[in-house]
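Below you'll find a set of structures to go through.
Each of the two complexes below includes chain A, the first together with chain B, the second together with chain C.
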Partner chain A sequence: MKISFPRMGYSYIAFKWLVENIGHECIVPPEPSERTLDLGVRYSPEFACIPYKILTGTYLEVADMGAEVVLTSGGIGPCRAGYYWIMHQQMLDELGIDLKIIAFEPPLNNISDFWQKLKLVWKSGGLSYREFIRVMKVAWEKLKAIDDLEQLSFKVRPYEIHRGETSRTLWKGLDFLDEANSIPEIKEARSEGLKLLNSMPQDKTRDPLKVGIIGEIYVVLEPSANHYIQIMLGEAGVEVDRSMYLSGYCGRREMHRPNEEIFAMARPYLNEAPIGGHGTNSIGETVLYAKNGFDGVIQLAPFACIPEIVAKSIIPRVSREQDIPVLTFFIDEQTGKAGVQTRIEAFVDLLEKRRERKRKEQGRLRAC
Partner chain B sequence: MLKGYLGLDVGSVSTNVVVIDQEGNLLFSRYLRTDGKPIQTVQRAVQLAGEELEGKVTIAGAGTTGSARYLSSMVVGADIVKNEITAHAVAALNVNPDVQTIIEIGGQDSKIIILRDGVVIDFAMNTVCAAGTGSFLDQQAARLRIPIEEFGGIALKSDNPVRIAGRCAVFAESDMIHKQQLGHNTEDIVAGLCEALVRNYLNNVGKGKELLAPILFQGGVAANQGLVKAFEKYLDHPMIVPTHFEVMGAIGAALLASEAVKRKSGTLFKGFEVKDITFKTTSFECKGCPNCCEVVQFSENGSVVARWGDRCGKWEIQAS
Partner chain C sequence: MAKIGIPRTLAYFLYFPFCKEFFDSLGHEVVLSTPTSKAILDRGVKETVTDACIPIKLYHGHVADLIGKVDYIFAPRLVSFRKFGDFDTETLCPKFLGLPDMLRASIDDLSPIIDTRLHLRPGKKQLYLAGQEIGSILGDNPVQVKRAVTRARRVQKKFEKLLYEGMTPTEAMDVLYGDQPGPVNRVDDEAEFRIAVVGYPYIIYDPYVNVGLLKLLQREDARVYTQDMLSARKMAQAGRELPKQMFWYFSNRAVHGAVYFMKQDYIDGVIHVTAFACGPDAMVDRMMEFQAKKYGMPFMSIMVDEHTGEGGVKTRIEAFLDMLRYRRERDEN
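Right after this comes the complex of A and B.
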């Protein structure tokens, strides 16, 4: 089978390896571009959110490239994303496009559905169960390594001397990972990539601001969906901490605190949890960032995303009481980046002035 | 000769140029339409300043702001490039050091800036919709065949503003036609539009913010007395409209420039003669990787002085 999947950051490297090693042909989804968006907007309901529209465009693009099957995730709970794959399938059927969407729901929700879909993908590739499990483990290792490299790039970028060097070095590291075919090879590629990033020329005299990124998972993880905001921030001299990585979302402890812990942080402000999507997380993560001494928080939300709208209307109080500035970006189909750039520059100005004043006050206290 | 500082605010609709003296007094101010040609408009703006000030004032520093701030800085040679939020805040603080809220409404964007103790602590800009901006009023004024300059005066004559939906310019229009056909008079409809804009602004841009007095109202739309009245009605505070409300961004850029040159020797300003320099932008698509970035080249008298638009940075040349 020719299999594709939605693009979400650099995770495609791991998924490509997985699809190929199960025994299928992989159609790598192109990075969402203006063409993706044009297609997506044309064939999506007007009120659908930007992740839906980008996926619509991606599905049409990969169908054009010959994909027969798309693997994606479903979802339970009050966010409408759980129904997106059904809507997408209907749209494809109506357009007469022969592309089947297989959506994996959380396994514990309906184990037999999960198992059947999994079997369909794995059996048709011709692997034994034991081999299949091995391949899954390697792909998981790859996914984790990809996230490790990206996470380090956020720490290094504000110190880079030549603009863009961090991005170029990260891409080199990801190329190593792309070529690795076993767990030992991945481990080697990972440490090689980390070493490259760490040994980049850096100006350690700088004193970067620290900003946390919260919000809806798709627009947080896919750089082209958020105007490459995390790179833009890094190049503006800000150390970015992202509250979410795909491996963390899939249960990796060191990348993600358990939801219960985050919900507990949110509870003084919002008793209901979860409220769908990452709404409650956005509130809890803001509290955590404040407690961990971050200078500010940026919320990324698709326009009309209910969970993030709920979070946004609660965040002003969190921001006041926890004493941490929060800037929200609602993301829609506009591609103009000037507005984003202006807000970021103003936000960085604000955070710098604030930090300066705080340090002065602390200095005065110490002097007494 | 008098020392002056040049400030440029180059936005999508208008280009404002000001020159201030060392005490912050306005020596020159001009409003031009950008008309989609920022380079030529900036050249023209500087030329106009030159015609009036040449021989009387030497420019000791220059600053740019607005959405075309980087491009403009390369044209004139700016000592500082700043975003509009900071520029507006600096200019407002210069007018009133105690200001706690700035309402700024321009042609296509609107902002709110919250300050405490002279420092910006929060801000917001309109995001996906232009309903709460000047272009909303422009559109409706055109429909009513009222010159936008007279709009505010007419609104002030109303005793009983009608309620018009302000969420969206399209809905507002159908609501307005309905009210016209019910027989409401023009004054009440115009005042109703002002209130619709204010509601939209407060619920959209101002949502969740604490608007404390003193409140400064600036941007081109502050010329509209009807809006000033509508804001005062909804906020229950007097609006302070600074004398030079329409060029506050440019004044902020000039003030920032006067600060910036203190930290270095001399200015980068190329002189009033920038109109004689030939600037050109060209672009090409980089084939280095699948990103296919559109790289823009900026040349001055035939030689490339800056390049941008590439994500990886390999083409980049930064103008000094």
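Right after this comes the complex of A and C.
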């Protein structure tokens, strides 16, 4: 079968490997572009959120490239994302496009459905059970290594001397990972990538601001959906801490605090969890960032995202009481890069002034 | 003995009789906010974030209207009403889940609010527990509270029976609270059209928000049906047509109602009334469109927002009815 999947950050490298090694042909989804969004907007409901529209566009593009099956995730609500695949399948059927969407619902809620879909994908590839498990393990290792590299890149970027070098080095590391085929190889590629990033020429005298990124998972994880905001921030001399990574979302401990802890932080402001998507997390993580001495927080959310609107309504109160500035971006198809850049610059200026004032108040203004 | 304020929006249209009976039988006084008006909407728009949908803005407006007039504002956290859905995880829209906190964050000098969590999925015992929680806030006797919940459920059943007879909630409340002498005579088979209007109760029954849509239809000689006139059994039956249930209570009701009416021969057309920037409705509306195509039922969706004018809606209704007339003539020839 020719299999494709939605693109979410750099994770496609791991998924590509997985699909190919199960024994299928992989159609790598192209990076969401203007064309993707145009297609998506044309065939999506007006008030669907931007991830829905991007996925619509992606599915139409991969169908064009010959994909027969798309693997994606389902969901149990109350976020709309769990209903995407039903709507997408109906849209594709109506357009007469022969593309089948296989959506994995959370296995804990319906194990037989999950198992049947998994079997469908696995058996048609012709692997034995043992091999299949091995392939899954390798892909998981790959996914973790990708996130490790990306995380380090955020730490290194504000210190880079040659603008854009971090991104180039990150790609080099990702290419190593792309070629790795077993767990030892991945480990080697990972440490090689980390070494490359660490050994880049850096100006350690800089004193970058620290900004946390919160919000809805898709627009946080997919750089093209948020106009490469994390890279933009890094190049403006800001150290970015992202509240989520795909491997953390899938249960990797060191990448993600347990939800209970985050919900407990959010409780004084939002006494209900979960409210779908990452609504409660956004509140809890803002509190955590404030407590950990961050200079500011940026919330990324798709326009009309239900849980994030709840979060946005409450965040001004969190911001006031925890004394941390928060900038919210509601992203839709009309959002332009220049607009994002202007707002980022203003926000960074504000944070710098604020930090300066605070240090002066504390009587330890650095001599510079 | 306290004054309890209830906002005249959201759950009001379907669950007011329950709340009123509950508080009345405990000896409290129920105060409703004034019906939706421009002042209320403007106040709501002022208090909420720009990205919020109209129903949330309205709710803020109604709550603000009650400040100073009452001791407590009854704004429960509506989490779930029943066990339903493919994974039994049906809840209300996420915005409802966070609503009391949104109120606290956006409205200054808010009166004390009763934000008891209503999570009825596990069973009807939860309703009694929630009742006790409210009772303890108001300082009521637990035995009386229990009796009050039972009485309230009885009244709610009576109210729902009136709805199933084909009354809108407004008409049924008139009957319940004695403004009307007896059940309204709804046998009007002479009506030219039978139109099903589906959507959220707080949109289709609030004449200010939908600029009198139901009245407009009646004036055009159309008999109006809504999803709330259908029993739970009929709804669930229609719901089986969907590939996957929606995750939200009111959305499920709207879609199931729409599918039910689309399968009926006596219905001439279905109108979906949706609110600007409503998240779930992006999915609901498209799903109805797919179903309407499947059953060959004329379908129109009207989106309302704070600027909707009567003229625009009227034109669209007239065009829709003209289309139905044309269709009927064509079929007869």
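In the analysis below, the second predicted complex is superposed on the first by the 362 of 368 C-alpha atoms of A that agree within 3 Å, B and C clash if a C-alpha of one lies under 4 Å from a C-alpha of the other, contacts with A are read in each partner's own complex, and residues count from 1 in each chain.
Rule of thumb we're sticking to: a residue touches a chain if its C-beta (ideal position, glycine included) is under 8 Å from a C-beta of that chain, and two chains touch if they have at least 3 such contacts.
Given the structure is predicted, the values throughout are model-derived calculations rather than measurements.
Novice: Residues of chain A touched by chain B versus by chain C: which partner has the larger set?
Specialist: Counted on chain A, the partner with more touching residues turns out to be C.
Novice: Looking at A:F330 after the superposition, I want to know if it touches chain B, chain C, both of them or none. Which is it: first, second, both, neither?
Specialist: A:F330 sits against chain B and chain C alike.
Novice: If you stack the two complexes on chain A, which partner ends up touching A:P316: first (chain B), second (chain C), both, or neither?
Specialist: A:P316 sits against chain B and chain C alike.
Novice: A:E46 contacts which: chain B (first), chain C (second), both, neither?
Specialist: Second partner only.
Novice: Which partner chains sit in contact with A:G279 here, chain B, chain C, both or neither? Use first/second/both/neither.
Specialist: In the superposed model, A:G279 contacts chain C only, not chain B.
Novice: Is A:F303 touching the first partner chain B, the second partner chain C, both, or neither of them?
Specialist: In the superposition, A:F303 touches chain B and chain C alike.
Novice: With the two complexes superposed on chain A, say which partner A:D349 touches: chain B (first), chain C (second), both, or neither.
Specialist: first
Novice: For chain A, which residues belong to both interfaces, chain B and chain C?
Specialist: Dual-contact residues (chain A): 303, 312-313, 316, 330.
Novice: Which residues, counting only chain A, touch chain C once they are in their complex?
Specialist: By the definition above, chain A touches chain C via 45-49, 52, 76-80, 82-83, 86-87, 89-90, 94, 105-106, 109-110, 269-272, 275-277, 279, 303-307, 309-314, 316-317, 330.
Novice: Show me the residue ranges of chain C that touch chain A in the complex, using the header's touch definition.
Specialist: Residues 48-49, 51-53, 77, 79, 85-87, 89-95, 97-98, 100-102, 104-106, 115, 117, 243-244, 246-248, 277-283, 285-287, 290, 293 of chain C touch chain A in their complex.
Novice: In the complex formed with chain B, which residues of chain A make contact?
Specialist: Residue list for chain A touching chain B: 30-31, 162-165, 167-168, 171, 228, 231, 303, 312-313, 315-316, 319, 325, 329-330, 332, 334, 338-339, 341-343, 345-347, 349-350, 353-354, 357.
Novice: Could you pull out which chain B residues touch chain A in their complex?
Specialist: Going through chain B, the ones touching chain A are 67, 82-86, 109, 119-123, 125, 127-128, 207-209, 290-291, 310-314, 316.
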